[in-house]
Every structure is written in C-alpha cells, then in structure tokens.
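When the chains are written out, they are named A, B, C, D, E, F and G in that same order, and each has its own residue count from 1.
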Amino acid sequence: MTINLTMAVLMACLYSAGFYLIMQRSLMRVLLGIVILGHGANLFLQVAGGPPGDPAFIGFGVLTSMVDPLPQAMALTAIVITFALTTFLLALAYRSWVLLGDDEVRDDLEDRRVRDSEEDADLAPEEEASR
Amino acid sequence: MTAMLRRLPMFLWLVLVWLLLWGSVDIGLVVLGVLVAVGVLALYPVRPVCSGLRPRPIALLRLAGYLVADLVTSAVKVGWQVLRHGRAVRGAVIAVPVLSDVDWLVAAAANLLSLGPGKSVVQLDRKGRVFYVYALNPGDPARVRDDVLHLQRRVLRAFGASEEDPL
Amino acid sequence: MIDVLSAALMLLGALSCVVGALGLVRFPDLLSRLQAATKPQTLGLLLILAGVALQLPAKYAVGLVLVALFQVITAPVLSQLFGRAAYATGADERDALETDDLGERLADRPGAS
Amino acid sequence: MLVAIVAHFAVAAALPAIAKRWGRNVFYVAALIPAASLVFALNRLGGVLAGAAPEESLAWAPGIGLEISLRMDPLALLMIVLVSGVGALVLCYSARYAKPGGEGITRESVLLLVFAGAMLGLVLADDIFSLYLFWELTTVCSFLLVGGRGLTPAIRRSATQALLVTGFGGLAMLLGLILLGTAAGTYRISEIIAHPPGGAVTSVAVVLVLVGALTKSAQVPFHPWLPAAMVAPTPVSAYLHAAAMVKAGVYLVARFAPGFSDLAAWWVPVVVLGLWTMLLGGVRALREHDLKRLLAFGTVSQLGFLMVLVGSGGFVTALAGATLILAHGLFKSALFLTVGVLDKATGTRDIRELSGVGRRWPVLTGFVVLAAASMAGFPPLLGFVGKETAFTAFGSGGARDTIVLVCLVLGSALTFAYSLRFVVGGFGTPQGKTPIAATWPGQGLVVPMAIPATAGLVCAFAVPWLEPLLAGYADAYPGHGYHLALWHGFTVPLGLSALVVLGGYLVHRHVQRAGLPDVRWPKYADAQAGYRAAVRGLDALARRVTGRLQVGSLPVYLGVILLTAIVVPGAGLLAGVDSPGPLRLWDSPMQVPIAVLVLVATATVLVARRRLTAVLLTGVIGYGIGALFLVDGGPDLALAQFLVESLTLVVFVFVLRRLPERFVRDDRPPGKKARWTKAVIAIAGGVFVAGLAMIVSASRDGLPDVSREYIERAEPSAGASNVVNAIIVDFRAFDTVGEIAVLAVAATGAASLILGAHRARRRPERDETEEVTG
Amino acid sequence: MNTVYLVTFSLLVLAGLLSLIRLVRGPRTLDRVLAIDVLVVLIVAGVAVEMAMTGQGMNLSLLVSVALLGFVGSASVVRLAERKEGHR
Amino acid sequence: MTKWTEWDAPKERWLLTERERGGWPRSLLFELCTRIVFPTVLVMSVYLLLAGHNDAGGGFSGGLVAGLAFVLRYLAGGSAELAAVRALRPPVLIGSGMSIAVITALVPAAFGAPILSTALWTVTLPLVGTFKIATSLFLDIGVYLLIIGVVLDLLRTLGTGIEQGGLDS
Amino acid sequence: MLLPLLAAALSLVFGRFPGVQRAIGVVVLSGVVVDAAFVLAESDRHGPLVLQLGGYAPPYGITLIADRLSALLLLVSAVVTLAVLVFSIGQRITDYGRETTSTAFHPMYLVLCAGVSLAYVTGDLFTLFVAFEIMLSASYVLITRRTTAPRIRAGMTYVIVSLMSSLLFITMIALVYAATGTVNLADLADKVALLSPGVRTSLGLFVVVVFGIKAALVPLHFWLPDSYPTAPAPVTAVFAGLLTKVGVYALIRTQTLVFPHSSTSGASTFLLVVSILTMIVGALGAIAQNDLNRLMSFLLVSHIGYMIFGLALFNVVGLTGVILYVVHHITVQAALFLVGGLITRHTGTVSLRAMSGVAKAYPLIAVLFAVPALSLAGIPPLSGFVAKITLLRAGAETATPVAYVVTAGAVLTSLLTLYAVTRIWVGAFWGEVRAPLPDPDPTDEVTVGTGSTSRGMIGATAVLVVAGVAIALFAGPLSELSGRAAADLLDSAPYRTAVLGAR
C-alpha cells in the first residue's frame, strides 16, 4: 500500500516547510513551523493507515472497504496534544515579548562566555606550582 | 412567570435545534432535548429577547419571498458585474436612515440587507439612527436609499412593529 | 424529476460559487470583494444544500436546514464586521469610493476614528 | 584482616566525637588501630612464611564479579609493617605536631586513619576490584589531606595535580586490570599471576597497569606531583609521600612482576623510567634548598630505584627490592618527621637559613644521621644491605644488566650526595653563620622519629631473622641461594659501594662549592611543563570543542538534530530494501486540488512578512488537512481538525494583538548563507521523511488485523457504531486520559505564564555582556 | 447523476483555486480572511455534495459545526484587527 | 462624542454585561447574533457529546464546540462578558473533568474488572424508552468538561490576561 | 499509575488549599513507592506483570507491563520523586511560608511523575508517546514557571527542542505503523522481524534518533546544558534524574525488544561511536564551564554515554551495567542537583569563580556533595563504581576493536569527570568563606543567596545521598536483579508471551 505520490509530495512539502520555519529566529515562525509539522505528521499518521475508504462507522459501509480507524484515533490524540502545546508555546512567546520586548529566540549567553573565556586561574598549574 | 414565558421562544428554538440535529423524533429525544434546553438556559441566564414581538405570518412569508427574489436577482447582478466590469467596478457608502429604534428590528433589517448581494451595512449609527450602506456600482445613491428603506418597512411589517418616521 | 431539480440546484449553486470566487479575484478593493465573496457564496451554498437535501433521507435533510439557517444568520454579521474593519483600516480604498457619506460624516467630526 | 580494615574506618567515623573532647590527643587514639593491625599481622607471620597465606573474602556483588578478597602473603606482610607501623608512628607524631585546639585536627586525624585503613586494604587486596577500591581511596584521601582547606591557589593546584595524576594512573590501571582479568578469566590477582595470560591485549594491559604504578610512585614523567604535594603538613607528607602512598606503585609493580616481568612491555618501561627517575630525582634533590622538597625529590629518586628492583624480575633483584622497600619506609619516614621537627623548632626548612642545629641537639642529630646514612646506603644500615644486594643482582654480566648497574651506581652516588646535603645542610654549622634560634620541640616529636631511624640499624644486624620475610616474596622467582648480610667479603658490590661513597662525596662537595650548573630542561622534557601543558591543553580543548559545538543557537541545534534524523536512518536504508509497489498518483481525485491548496498556502507562509498573514495561511493548511481527512474517510478526525484549527487561529490572534505586525526587524536581515543552509536541510528533511514513508509503507498491505478487530468489536464490546470513538473512549481510552492530562497541563502552564507575567513586569533589555551571576 | 456530482465538484474546486489566488495575493490581511471564509464555505458545500453522493449522513454534525464555527475564526481576526485599529 | 467603535452599541442589554465594556468594540449585529447562537451551540455541543458514540463527534469535539461558543461571547463582549459568563474557575473545571475521567477509568477496578473496562447498560425508563448506555460515556463527559475548562482558561489567560497585560504596559 | 494523575487533578481542584495539596502529593507518591516495590517483588518472582487496560486482549487494548527493568526503574524514580517533592516543599515553605498556594507546581509535578511512571510500564508505542507528552508538557510548565527575562530563553530552547522531538516521535509512529500496522511493542517485535533489513534498520535508527534527543545523545544534546540549569533546583533534579533516563529506557526497550541487534551489527558499532562521542563531548563541555549547574548538566550528558555504551554491546553484562548505571545515575544526579541548589542558596551565585569556602561554612553540604560527586566519578566503593566496572567489564569481554576503544573512552571520561567535580570542589568548597551574593533576580522562582535551608531540604538531599550509598551497599542483590532484567531484555520471549500469550 505504498503511499500515493500526491500525498507523498504534500508530506514532503509540509515537513520541509515546518523544518525550515522551526529553524528561524522569530518565535512566532518557529511556532508556525511546529504547527505545520504537526499537520504533516497527522497527515502522515492518517495515510499510514492506508488509502481512503469508507468511514469506519458500523452500519454505514462495507467492512472490507472501511478505512483503518486506529491511525485516525491516534491522529486525533496527536492533534489535541499538538494544539495543547501550541497554546502553551504561544503563551511563552507572549511572555517573552513582555519580558524582552521581542519574541526572538536568542543565543545562549553563557555558551558565548565559555567560547570567549580565559583559562581558570585557580586550576591552571602555573610556574609557581612546583616551587 | 412572564420571564419564563419570554424565554419560551428561545427554549422552543433550542428543542427544535436538538431534534433537527438528531434528525428524528421520539419521546426519549424530546425529553432529553427539553432537559438539555432547560439546562443550557439555566446555566447561562441571558436575559430574554423578543420583547413585544407579534410576527405576522403573511407579511413574514412575503418578506421571505421578497428576499429570495432579491437574493437571486442581485446575485445575478453581482455575477454580471464580476464578468463584465471586473477590476473597473466601483462602490459607494451611502447613508440611509434607520426606521426603527428596536435593537432586534434594526439588526434584522441590517442582516437581511447584508444577506443580499451588492449591498451591505458597513457601519451603523445606533444613536443617530443611520445605516451606512455599501453598494456595488450603485449608479444613483437615491435608489439605493429607497431600496433599503423598502426592505426595512417590509421587516417592520413582518414583525408587527409600527413604522416609525425616518429622522 | 427530483434528480433533475436537485442537479440543477447543485450546478447553479456551484456556478454561483465560481462567480463569487471570480469576483473575489477580479474586484479591485476589499469592500467590493466582500460583496462578491459573501453573497454569491451564501446563495450558492443555499442552493447546493437544497439540491443535496433532495437527495437525502429526511433524517439527514432536516439537518441541512440547520446548516442553512446558521449560514443565513452568521454570514451577514461577518460581512458587517468585515465591512467596518475594511472601511476603518483601508484609507486608500476609501478614496476610490464613488460616494462616501460615512467619510463625510467622519470628516465633520474629527477625532471620531 | 577484614576486621582490621573495617576497624580503621569505623574508628575514623568516631574520631570527630573524640576530637571534640580530647583535642589533639585524638591522634593517639587513632594510632592504636594501625598499631593493633601491625601486631595482628605479625601474629600471623609464622603461617604466612610457611606458605599458608590466610585468605578472606566477602561477597559484595558476586553477580558482577565484585567481591572483597584479601590475602596476606609475605609481600603483603612486609608492606603492613610499613603501612601500619609507620602509620602508627606518624599518628603519634601528629598528636604532638598539631597545635592544641588547632583547626583541622578532626579532618586530619580522620583522613590519616582512613588512609591507613585504605593502605592496609590495598596491600592485602587479592582481587583487582578491591585493589582498585583501596587504591582510589588513598588517592582521594591524599587529595583532601594535601588540600586541607584549600586556602591558597598553590595548595589547590598541588592537591588537584596529585589527584589528577594519580587518578589518571588509577583509571589506567583499572582498565589494564580489567583487561588482564578478562583475558585470564579471573579477577583474583594471585590466580592471574599464577597463570598469566598472553597476547597483545595483555601487553597493552600491563602497560596500563604500569601507568598506574608509575603515577602513584611519582616516576618520570609523572613525578612532579610529589614535590608539589609538599605543601601538605609534614606528618602527612611523611606518611603519604614517604612510607605509604607512593609505595603503592612500587607495591603494584612488585605484586605483578612475578607474572609479567619477562614481557618486554613490562620490563622495558619499568627499567628505563625507573632509572631515569632515579637519576633525575637525585639531581633535582641536589638543587633543592627546602629540606622537605629535597626529601621529596630524594623519594622520587628512591622510588625509581625500587621500581627497577621490584620490576625486573629475578630472585636476588626481588630480594633487594623487598629489603629496600623496608629500608626506605623506615629512613624516609624518619627523615620527613625530622623535617617537621626542624620546622617546628626553628620555623624554617631552608638549608640557607638553618645553622647549628646539630651542635645544639646532638642526640637528635644522631638519629638523623642514622636515617640519612641508611638512605645513602652506608654500612652498617639496612639501606646498605639492600643496595649491596641490588648491585649483586645486576652484577652478573649481561649487557642489559651492566647498563642498569652503571645507572644504579650513578644514582646511588647522587643519593649519597643529597643525603650528605640533607645532614650537612640541616644540621651542620657553616662557617661564619650564627646558629639559628630554636626551641626544643619535645620528646613527643622526637621519639616517633627516632624509632624508625634506629630500626634501620637494628634491622641491618637482624637480617638473618628478617630474611625469611623478605625472601618470602622473592621466592616467587627461581634461583635461590643468595642470602642477605652486612658482610659478604670483598666483592665487586662492596667496591661499587666504596665508589658510590667517594663519588657522592665529591658531588656533594662540588655542589656546595659551585652549585649545580643551571641546566634548563628543554620544554618538552620538563615533566611539570608537560603536566601544565596537558591541563592547559585539556582546558583549551574543552573550551574550543565546547565553544564550537555548544554555540547557544537554537536554530543550529535544531538543524543538527534534523540532519542527524536524516543521515542516521538514511544510512540504515543501505542495508537493502524491497522495491516499492506500483506508484499511484492519487487514491482519490479530490486529494489533488486540496493538496494544491495546502501546498500554495504552505509556500505563502514561508514568504509571509506579516505575522497575521502567516498565521492565517497556517490556518488554511489546517483546514486543508481537515478536508483531506474527510476525503480519506475520517469525519471524526476532520471535525476535530476543523474545530481545533478555528480555536488555534483564535488563540494565535489573541497573542498577535500585542506582537509587532511584521516578522523581521528591517535593520537585521537574516544572512543569505544561513538561509540557504536552513532551506537545504529543511528540504532534505522533508524529502527524506516522505521518501522513507513511501519505502516503508510498501512493506504492508491491507487492513491490519488489529484494525479489523476494532471494527468487528466496536458494536458488541463498546456499544458504539463509531469505531474511532470506540477506540478513543474504550479500546484505547488510556491514551485519551493521557491526552486530556496534557491539555490540562498546557492550559495551566499558559495560565501560569500569562498571569504570572503581570507580576514580573517588562524590564529593560539586559545588557548582553553583563555577568549573569554578577 | 454522477456526472452532476463530478461537474459540481469541479466547479467547487475551480472556485477554490480562484479564492486561493486571493489568498496568496492579499494584499491585506482582511483579503486573506475573506478568501479563507470563502474556502470554508466551499468545503461545507463540498461535504454536502459528498453526502448527497454517498447518501450517508455522518458528516452532518461536521457540516453544522463548520457552518457555525468557521465563523468564529474569521470573526476573531476581523474583530481584533478592528480593535487594534480602535486604539489608534 | 461616541467613539467609532461604539456607534452601533445596542440599546438593550443582549449579553450579560453592562453597556460599558472598557473600550471593547461594539456591534449590534454581532452581539445579537451571539445572543442567539450561543445557547444553540451549547445544545449542539451536548448533541455531539451524546451522539459521538455512534456518529461523528464525541466529548472532545463537543467540548471544543462549547468552548468555541464561549470564544464567541468573548469576541462579542470582551473580557467583561467572559468574567460574567464564567460559572466555575477554569482550573476547577479542568480538575473536575480530569477527575471524572480518571475515576471512570478506576471504578471498574473496584468491581474486580480491569481498569478502564466498559460496562454496557440497557436502561428502560417509563415514557422515554430504552437507552443503551456505555460507561465510557462518563469518560467522554469528563473530556467534555475538561475541554470547556481548557478553552475557558485560554480565554482567561491568552484573552483577558493579554488584554489587561497589554493595556497596562 | 493513574493515581498520580487523579492526585494532580484533585490538586488542581484544591489549588487554594496548600496544606491539602502538599498532603496529596506526599501521600500519593509514598503510595507509588510502596506500589512500585510490590510490583518489583512480584515481577521478579513471577515474571512480568501484565495489565490489559479495558480487559481487551492485546494487541487490541493497551497493555501495561512491568517486567523487572520497568519495575526497578519505577521504584527508583518513585523514591527520587518523593525525595525531591519533600525538598521542594521544604524550599517553598522556607521561601514563601506555609500558606502560599501554588496552582501549578503540585499538579504539574504529579503529572510529571505520572508520565514518567507510565513511560516505564507501557507496552504500547503510542501510549509511550502519550506518556512522553504528559511528562514533557508538565516539564514545560515546571521549567517556565515564573520565568523571568534571563531564564526565558532557556525555557524556549527546552520547549522547542522537545516539541521537535515529539513531532519526530509522531512521525516515527506513523512510519512504524505504515510498515507494520501495529503499535503494540510485543506485536511489533514479531512484525518488525518480517521487514526487509533496510527498512528494519532504518526504523530502528529513527527510533534511536527520536529517543536520543530526549536522552541527550551527542549530537542531539545541545539543548540540555542550555536549558536544564536555569530551572529551580528540585525541578532540575527531577529533569536530570528522570527525564533523560526515560529516553534511555525507551532506547533500551525498543532496541532490545523491537529492533534487536547483535553486538557485531552496524547498529551496535554506530551506538558505540555515539556513546564515546557523548561521553567525551559531555565531559569536555563540563570542564569548560564556570557555572555550577551547567557543569553538572554537561556531566549528565557525558554519563548518558555510559548507558548507551552498555546498551550498544547487546550482551547480558553490558545491559546489566546499563541498568545499574541508570539506577545509580538517577539517584546520584538528582542528589547532586539538589546539593547544587543548597550551594547556590548559600552563595547566591552559580559561578564557581564567585563562590568560595562552602566546606568550612557548611560542612554538611560538603559531605552531601562529596559522596554523590565521587560516585559520579566512579570512585569506589560508591554506586558509580559498581555500575562503571560492570560496563568496563562488558566492554573488555566484547573484545572487538571498537569496544576496546570505547572502553578506553569510558575510562578517560571517568578521569574527565573527576577533573570536573574537582573543579567544583576546588571552586566552591575550598577557600575563604565568603558572604552570599544577593539574588540576581529576586522576582523569579529561583531564590538564591538567602542562606536559609530547612530540615526538609537537607533531609531530602540526605535521603538521596544515602540511597546512592545504599545502591552500592546492596550491589549484590541489585546486580543480580539487574542481571536477570538484562537477561530478560536479551531474550524477549517471556515478555512477548506475557503480552500476547503463547503462540
């Protein structure tokens, strides 16, 4: 049941766009990247179940042509979870804006300090150490 | 008691919606629907609407007919403008007096007005009783004004309100 | 017979939608696009719903009535909100209007907007 | 034996309480334990010498091969004499050396006793893990003892150096021991030595073990930590750096030599580095003015000597090694304690300042001379016996032996010279120099020093009785027949001894007159510089690597994660995949227009400048996905998707109210290169996921059994005709409970972020170079 | 009848593609919101037609919900755009 | 002089709150529409909740629909309206919803059945007829309540919270 | 497992009553400790305990299964979470008084515990995802609570990277489902075996990457040292102690049960390379730091490498070592971060250069630090030593060139760790006593420089330190248990039979 080309292309594009956005500096873009990745992942879950078919409702269609209900249930859970975390990250973005005046994802200061730091006076063995 | 009565239309509406949703009627559903409607109304006691309304069935039907006709003709008109004029189309914002001072009626008129293609209410001055109506390729503003007033009158009639003088 | 009617309704509705969408593309400013978008769409949807209702058992058809009702209630409200916001925020588009009574009123009372 | 070791630790644990009441006399209490251990051990002497080494073992974690097994053989017993005997003396000495009520009494007494216990365990250990256990315990104790409270940078550095160097060696040793044990199939040391494994791994292993020994015993090139550690209080130095800890390396070599001394990987480094150390230590000792550092380099030199002896293999050599181990423990502890006495009495340890002490306290000086003479290898002291035996051992003629012998003689001459320097410098009265002011330090300090000094003399005459113990170790080698004695007649070794005395005297005279030529070692050959460079290099490497990798930029981190997620599973595909089934363009024609819608919206999001636009377009993507769900036959899913999308849009808009309209600040356009890199990685990621999806999905066909079961059971088991709902609230209801927990958490979290934000109101942007920790 | 459905779907798709153009071109946010609103209506119409085609009603609740609440999304954007405006 | 956004403030009180809404833009049409739509949507959410077992819907969708109804009220009336609407503190609503769900999961254990197992009851009420009730409905109800609580909480924080935080700064 | 969730819910309901909240938390977590001990005993005696949720036979229902490994980790985690909760309660009472309410902390903490426990016992890939999300979402809240300007960046890094990993997790589930049509781990084990080797390997490695992010394997680790150190000490302690271990656990479970490898396979070599990189890069990172908490965070990364090392060997000794190491590391790392919290409370700073003389001023803290620190460095006879030598033995016994190299790397890492903890000791504990620096950010959740600690804080830390010592003391039974657990992992037949029944 190889995934059809249209869906594959769509997934590729959604994932690419999501990955691209998530690597941006603006937290809002990152967030949209996550949302889009979530869409891509949910779509993938759905198509992972197989090709389209009758909705899985007893009494509405033929059992043999029904779609796989399990990926749908999982996708539903995933949708909810993605939504929950999106709202949380939004709140974080807002807080960041309140505190910092922007919603940029900044570099870590301590990391930069390590990069630029001099050596540690206390531990560096000096000439006097052996005297 | 009157408060209960005043809530009746909303209550009935909710039960109706309930039944429409289920798409079938049996006693169990009705009872459940009543319970749900009562529950919803009790949980969120918004003040009742529809004070002093006496709908007139015939006028109401005529309004509906008028609306359907208007909807179709103006849809065709807008469609024509889409095909014929396209980018060249122009609009106008025209002030029209509001005939009623009842929130409900003003809203109904504005709503029905906006439903039809070609025109919509952009802004509403409730105190000054003016509709600012946007019209597509209006030609003569006076005709637009007349149309709007005409519609308002039909609405007032359908809901049994007395026509008030335009300001 | 019912099939023919329903087919006609559906096709008309769909056509109406196309026309509306075309207007959405072709019309020059927001307010005019608004006319093209909400109105033929609403009509189109109503027609399609009617056509569909004819094809369905009553159990479901009544549900479509609800859809239509909601559409009728909400579409104009949205259109007014739209219009107001579009008018308030689109200064250059206001200038393109043939007549602008609202603009005059606002000009009379500076500071109003 | 276990009891004895545990007693050390148990009493150590009780010492703080005792110290509170008895002050510095707590050291006497502590001294009781090693003393008792010594007595206990000597009690077993007969059995041990008869070849019945007592063994004890305690199962710790037998499942992973961990046990504490102890074995008291002659070598262990010999070491116990040193470790516990000297330990008891040093503790007694400390009781008078410490200032009454002085700070650190508790810490030092506890640590010294723990250390004594650890050394005892070390020499008794018969399996590699116990050996390592006690080995590292001594390392940590010495770190804490040398460092004290770490008040000055010099002290901190010295302690760290001791820890790092010996810790490094310890770990290397552990690895070596594990390799040996694995190769031998047993972790019992006695068994490994009895049946030594072979092969390349064994060679590597013994080198690693040697690294442990060489570091611990301060051999070239690891030796500088020992002189540096002289910042420690004198009793500590006397014990750790004379008698006990540094002997651990020698002990280790002695312990394993019977099994491996014929391996080139073993004897070459031992002999070469040992000799080098001996000579280098001797030369450096001659240059020192601080008596303690002089002794420290002397120790380095002596340890080199011992290494050569115990590491080379052979009965006589081993006998010499055992003798000298004992001799060195006795004289070196006496000498270190002497330095403490001097320090206490005069307030200095500098040769250039000391003067007239010998005349003032002749008895003390007598003891010192005894000890120093033993160190110098002067008859009739135990040091002499050992040295004679050593010369004999290498006097058999072979080229290798001759080279070693020459070096040993040279080294011994240096030893004689610095011994002389110690006595003359510390106790002599140079011409024209007024005697230094001094106060008698008290019997309590002198007696502990005098005992080992005298013991060197007594033992020398008692060698016949001592020999069984010393030869007990050497018996591991073939070729008996040599006996220890003060007098063997006029032999070559005796001549060499005379040569040593003469040469040593001349060297001493030369040094006193002219000083040593100030040879600056080339940088690469200076071990301390090497250590310095290693640590600096490590720090620099750490900073460079960390600075390179840990760039602090989230986009980079995500890019790396993504790349990994592409490359690693991608490489997995190389293992071979089936060819995918026939490709279909679509499964339902409606998929195409919806896909186009989503694609266009996605593309537009990427280029959107306004936040709201991007959000709206993302919403479109969501609606489109919902429509696709619908086409695929998931009305439930589609409904949820539409609703969630609407709510998401609303929530986004709520926040966007306050954020700036556009994304990027105009004055800071993102770098073009970075943008392309990101784009390439992102596209690679997307294509990879989709490609993998296609490849993977070819593995399966039709509705899975599980899903079929769900559909069949929905009605009877769950009473539902909506199978998806049945799964959600019934078959897999647990996931749903979890999912709502996540929702609840996220909402609560958002509340704590937003509502909390009102308390901590917006503050000015922090200066980016400001110290966070201030 | 199948032809009718096919044509109807095609027309709806055509309408959708047209609104897509507006969605992409903008220029203002409100233009895009408008385009989205149209798309939602088209989806509702499409679902309805699909219902007619299959004769099954399980998409009904979806239809009702979307008709009602697609509106909320658009309204929030418009409303808050207006509000932001109102403060100026 | 009334503000532009207050021109079409209704004369009557259509929502719960008083006329003044702290500068929140007014719209007669919108408020009226909300007035009608809100209870309708609630009814629909209950429908979705109950119908979910056999039709598209379920506690999750129902809860979201109900939540969106509250969003509508917020859009129409601003935070003041929301404050008036809220019957329970959102955290309490969330906690109760979750408690119901978890208790539903645990109750079978009290009867010796595996956790989360479902019982099907057939209930016959006079007049009303026969119902089939699955205990999993309670799980759905828990979900429903929790989702409403979550949406209300979001409105309280991202809506009102940002509203006021923004005004302050 | 549901109890903590219920407790969290109730805790949310009783948000206004701090006493009730505290009581709920402590009682429930104590209950979990007892329960976990019981489960461990049962599973050790009678084989895996299986709970079919809803009574549906697998693979239709969700399976909860506690085998020896799960039960052991469950017990250790429960003890650690309980201790940290007590610490945290003590700290909050000290800082804010008895009456301060906290809507978020207690519920979130309990949810976190629930997520962690669930992750250990689930036998279902998708439920594992849900468990991860429960755990992570709670952790997001805990790490960003009352965040202020200097800390918010760290929170973002953490949340975004975790979200990315979660999305990759969903993708992974979709991939697995597309290939096999099941998400039940035991069922997967059967179905994955039928896949073509490329697909199998690729999926297995995808799983490694997904869990590797959480477990902070190099090069997926960068986020960790940037984010963990900024949280309040108790939060960092559970994060460091537990969250990474859940990732490691997931790696162990999937790589042994679903994607079993042999010790000579390419995957094994790959994991070995990853492990040595993780060890070395982490340790170097630690050495480069001046910030106490960051230093310990890098050490955390470094020591994850040990666990991967053992796993990559895919033999009983190696896996025994991993299990021992995980148990040891959970306890010790949590204890260290708690001590770090105590230190900063007294010094007012996390900068090693700025602090001094803690050993003199607070000898008890010095002892509480020294024991776990030495244990981390693998100094005998502490727990780290026991675990480490098992790993080294496993490496030596595997006797392949790569294994030798990595074994040597592990030894080197030990040295680097020793160096790093020495830096802490030298920087913080030695030297003259200094007055505490003022709190740089008084409004945030992290209160430092007050010099006040309560008995609860010290006691909780001490309990963890003692627990670490107890691991070494009872290494015998523990290692035998771990050995049995490791054997279970390698021979997955009992697990599969327990879940799916005899075939």
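Everything that follows uses one rule, which is that a contact is a pair of C-beta atoms (placed from the backbone, for glycine too) under 8 Å apart; a residue touches a chain by one contact, two chains touch by 3 or more.
Please read these numbers as outputs of a predicted model, since none were measured by experiment.
The chains that touch subunit B as well as subunit E are C, F. Under the contact definition stated at the top, the chains bordering both subunit D and subunit E are A, F. Taking the mean Cα position of each chain as its centre, D sits at the greatest distance from subunit B.
With C-E and A-E as the two chain pairs, more C-beta contacts join C-E. Separating the CA-averaged centres of subunit A and subunit F is a span of 29 Å.
Chain centres here are Cα averages; for subunit A and subunit C they lie 37 Å apart. A straight line joining the Cα centres of subunit E and subunit F is 24 Å long.
Look at where the CA atoms of subunit C average out and do the same for subunit D: the two points lie 78 Å apart. Multi-chain contact residues of subunit B, defined as those touching 2 or more other chains: 17, 21, 23, 110-111, 121, 123-124. Shared interface positions of subunit F, defined as residues touching 2 or more other chains, are 3-4, 29-30, 33, 36-37, 40, 44, 47, 51, 54-57, 60-61, 65, 68, 71, 91, 94-95, 98, 102, 105, 116, 118, 150, 154, 157-158, 162, 165, 169. Within subunit D, the positions touching two or more other chains are listed as 156, 160, 539, 543, 546-547, 550-552, 554, 558, 635-636, 639-640, 643-644, 646-647, 650-651, 654-658, 689, 693, 697, 700, 703-704, 706-707, 710, 717, 720-722, 728, 730, 732-751, 753-754, 756-757, 760-763, 772.
By the touch criterion stated above, subunit F contacts subunit D in their complex at residues 52-61, 64-65, 67-68, 71, 90-91, 94-95, 97-98, 101-102, 105, 116, 118, 120, 132, 134, 136-137, 139-140, 142-143, 146-147, 149-151, 153-154, 156-159, 161-166, 168-169.
By the touch criterion stated above, subunit F contacts subunit A in their complex at residues 54-56, 60, 150, 154, 157-158, 162, 165, 169.
Within the complex formed with subunit E, the residues of subunit D that make contact are 590, 593, 596-597, 600-601, 604, 610, 612-613, 616-617, 619-620, 623, 626-627, 630, 635, 638-639, 642-643, 645-646, 649-650, 653-654, 656-657, 722. Contact residues of subunit B toward subunit C in the complex are 17, 19-21, 23-24, 71-72, 74-75, 78-79, 81-83, 86-95, 110-124, 130, 132, 134, 136, 138, 141.
The touching residues of subunit B, when paired with subunit F in their complex, are 10, 13-14, 17-18, 21-22, 26-28, 31-32, 36-37, 39-41, 43-44, 46-47, 49, 101, 103-104, 106-107, 110-111, 121, 123-128.
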